[in-house]
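Next, two complexes with chain A in common: one pairs it with chain B, the other with chain C.
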Partner chain A sequence: MRAMFRAVLHSQWKWSRLIVVLGTVAAFAIPLLSLQGAARADRGALQAPELLRAVQSWGTLYPLLATALGLLMAIAAWAPDHRGRHIHALTLPLARWRYVLLRFGAGFVLLAAPIAGVLIGSSLAVLAATLPPGLQAYPIALAMRFAFAVSVAYAVFFAVSAGTARTAGIILAVIAALILVQVVASMANLNLDLFGAAQTALLLGPGPLAVFAGRWMLVDV
Partner chain B sequence: MSRLLGVLLTVSVLASPVSSQDSLIARLRRQADSLLSAWRDAQKLAAVADSLEQVRATAGSDTIAVGGLRIIANPSPLPLREAAERAWPVIDSLYGSAVEDLPRYPFIFRAVDPDSSVRRTVLHVGVELPWDLDVRASTNVLLTTVTAPHFDPALADWLGAALRPTLRPEDERAAVFVQLVTAPSEAVRGCFLGDIARCKDVLQLGDSTGLLARWYVTPAEREALVTGSFTDYFARGATAITLQNCRQHRDDACTALLQALPPGSLPRPLGPAARLVLVREALRAGGRDAYRRLVASPNTAIEARLSSAARMDIDSLVARWRNGVVAARPKPLTLPWWAGFAAIGWTAFFGFCALRSSRWRL
Partner chain C sequence: MNDAIHIERLHYRAGKNFAIKELDLHVPTGAIYGFLGPNGSGKTTTIRLILGLLRPLSGRITVLGLPMPEQHARILGQIGYVPEQPHLDTTLTVRELIDFQAAFYPRWDRARAAELIKRFELDGEHLFGRLSKGQKAKLMILLALSQCGDLLVLDEPTDGLDPVVRRDILSALITYVSERGATIFISSHLVHELERVCDWIAVMDDGRLITEAPMEKLKHGTKRLVVMGAPAEIVNPPFRVLTRESANGGGAGENWVVGDWEPGMTSYFEGVGASVREVIDLDLEEGFVELLRSFREGRSRR
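Presenting the complex of A and B:
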């Protein structure tokens, strides 16, 4: 089983190494760039608000990067199978669920590199910067959050990619039905806010996308 | 003889402006007296109108009494009694013995149907409330509309906000912590680091001369203040050139512009929440009669009033305020404990969905 995992990991690395390398470089660079210039002691009392503004602006890139990495890695994991009409997978002496699990696990192993990139980049950025009194750095919390976001994004897109065209059609049909119901409800002047409810369910509380919501701050009070 | 005539003539000519000036003063005084009399009549009429309006607004209403609170409201499902029972201890703990005067300022509410578009009679007394408010919202209404007893204009000017009770004092202190850390002022930063004299400066306690130099210590702060808050104000007319000079990092120009601001319009480096927290600290330290002592002498300097309310010297009070604020550092924006479990759970869920996918691509 271990040899099989190594083989799947190796093939997946070949297909997605560009994504992994570029993602890791971006993940390493964003924290460094976010503190670049703003964390200068010579700005005196103006340093703190400028620093927080810069960190908050750059912070919008972390969830975007996590989503992009999850999406691209999931596509890369399944693209050769889709191209080969899954004949290779069918020929393997392996249950389907085991094969999917190996692909899923291999993707996570490869995503560890960008997560480490965020952790190392954040830690270096914080060590190099002079933070104003009262502000604190949260490199570990940020890297953990990035890890959760990448994992959720990868799992969502992996599940969609692993499904059949019929599954994708069902998902799209459900979304289209929601939009249609909302449009009809608006035209009939009914007090029905499906989009708001969906947003609440997805982004708030323990929703699947809750980890993406809110401010991603490397430095905060 | 002719000399005598000349002297008389000169005296009469010199005296005429004096007498005309005298008559002008008398005329102005009569006008002022007349205005005063008209104002007094208007006051009486306004009082009568208010009284009649109050009678009209409270006709058919019930009175709810909880502690020193008096709530006059029309019958409705509004949970005013429960709200008053929640609000009263908070109000009582802020105003202390001064709550004895609260029954003089009753709340007048009119509960209205939130879904109705039927036109209602306009009342000029009291507040309209939708009758579907819950206890929490009703409590907040009571806390945010209570009349602070004997709240004088000098205290109101310094405070910059109404002194009302709050259900979440820790949030107020956390907001002040953020101000201490992020305000673009070296003086505020000094206060955060423990310089009590700086704290007194930025809280506007004591000497009020030279505030510009004490609040905004460095040239960069003054330039940021001008370019950030007063660009439109100074961009036209005679100050436009000075503004340009200020933008070119000339501190004398920035200082001149800020000194040209009307009195009282120089932005305070700390918002009203900082002073509110200080007053709350003084009232907490001073015991039940603290509020009464605070409002006892409106003409005294604010620091003396606070000191008297808290029964401690102003430096100790400010140090206590600073320690309280520094201890109230807001929670960092890290994920709540359950968010990690939720993310792992969702990852496992979607992974399981993928495992259930079909081997046959139909």
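Presenting the complex of A and C:
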């Protein structure tokens, strides 16, 4: 099984190395950039709000990066199998769930690089900066949250990408039906807010995508 | 169980227009079994059922003594498969594809793979997507043979290849069979090619098996007869009448194409007041065409 995993990991690395490298560079750079200039030694306590604003605005990039990485890695994980109509994968001598697990696991291993990028970048940024009194740095918490977000995004998109065109069609049809119902409800002046309800269910705790919502702060009170 | 592949009363439907019905197939262990049929006859579908890529509606498939698809992982470990279309990742090199495949097959033969790379003159550093059609076919054969399976399933492996590549591939297959005593199930519509290498032949059309017989029996048992004075109805002939038609407007008797023919059967005609003026040997291609014609005429009459 180890040899199989190595083989799958190597092939997946070959398809997604550009995504991994660029994602890792971005993950490393964002925390450094978020503290650059805003945390110099000559600044006093009055600069704390300015620093928090800068950190908060840069913080919106973490969930975006996590989503983009999850999406691109999931697409890359299945693209060659889709191109070959899955014939090669289906004729390999192992249970199909094991093959899916190998592909999934290989993607996870590769995503460790950008997660490490956030951790190292955050730690270096914090070490290099002088924080105003009252503010604390949370590099490990930020990296863990990024890891969780990128894992959720990868798992969701991996599942969708593993499906057939029919599955994708069903998902799109459900979304289209929701939009249609919402438009009709608005025209009929009905008090129906499907997207608000969906947003509440998905993005607010304990929704499955809650990790993406809220503030992503490397430095906070 | 002496069959490498044993199919009983298999039924499968794909959409509204195509179905495999009541398919019975027996591929003896150690045979080179040719699976003939025109395009769209159901050869690839049958192969996909044998490999567990599709699930039958009913019937039973046993491969190397194990039930398919229930035991697909164990069975596929003993099968080398070459599909009709190249199915491998185009972004990997020849060497990477070999390494990838080797990881999944415990009986992988590195020495054979190295020997075949040399023999097929493949460059290990070339991307699969940049190989020529012939090189892709050679690589897929290399992967199938290096797995050291007891059964090779080849779906039109030489279709569209030049004669030199075809010869290289067939020669590698024959060497493999002679060394390992493996079974080969090879589908094609290139009749002459199968005639050279196979010892069993099955013919399929429109999702049904028309015939399954040893090559010698099929080749030597299919004849064209020039028959004089045959009655309109014949009863219980010891051979199969595939087609029957007037020769040159009827004055010169009738042309019959028969199957399961054996020397000495001309005496049957004497018993019904007719005579056989000529017995003409047919090659496999002519026999194949006549079998298809007979099957299609019979179907349109029904």
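Rule of thumb we're sticking to: the second predicted complex is superposed on the first by the 219 of 221 C-alpha atoms of A that agree within 3 Å, B and C clash if a C-alpha of one lies under 4 Å from a C-alpha of the other, contacts with A are read in each partner's own complex, and residues count from 1 in each chain.
As a working rule, a contact is a pair of C-beta atoms (placed from the backbone, for glycine too) under 8 Å apart; a residue touches a chain by one contact, two chains touch by 3 or more.
All values derive from a computational prediction rather than experimental measurement.
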Exercise. Overlaying the two complexes on chain A, which is it for chain B and chain C: clash or fit?
Worked result: fit
For this session: Would you check which partner chain A:211 touches, where first means chain B only, second means chain C only, and both and neither mean what they say?
Result: first
Exercise. Quick one: angle from chain B through chain A to chain C, Cα centres, nearest 10°?
Worked result: 160
For this session: Kindly classify A:84 by the partners it touches after superposition: chain B alone (first), chain C alone (second), both, or neither?
Result: second
For this session: Check whether A:201 is in contact with chain B, with chain C, with both or with neither, and answer first, second, both or neither.
Result: neither
Exercise. Counting only touches as set out at the top, which of chain B and chain C does A:11 meet: first, second, both, neither?
Worked result: second
Exercise. After superposition on the shared chain, which partner residues are touched by A:138: those of chain B (first), chain C (second), both, or neither?
Worked result: first
For this session: In the overlay, work out which of chain B or chain C sits against more residues of chain A.
Result: B
Problem set entry | Per-pair minimum CA distance [chain C against chain B, superposed on A] in Å | 6
Problem set entry | Set of chain A residues, in rising order, touched by both chain B and chain C | 85, 90
Exercise. Which bits of chain B are touching chain A when the two form their complex?
Worked result: 177-178, 180-186, 188-189, 192-193, 217-218, 220-221, 224, 329-330, 332-335, 338-340, 342-351, 353-359, 361-362
For this session: Going by the contact rule at the top, pick out the chain A residues touching chain B in the complex.
Result: 43-46, 48-49, 52, 85-86, 89-90, 96-97, 100-101, 104, 132-136, 138, 141, 144-145, 148-149, 151-152, 154-156, 158-159, 162-167, 206-208, 210-211, 214-215, 217, 220-221
Seminar exercise, completed: In the complex, chain C touches chain A at residues 51-53, 73-79, 81, 83, 87-92, 96, 99-100, 102-105
Exercise. What part of chain A is in contact with chain C in the complex they form?
Worked result: 3-4, 6-7, 10-11, 14-15, 80, 83-85, 87-88, 90-95
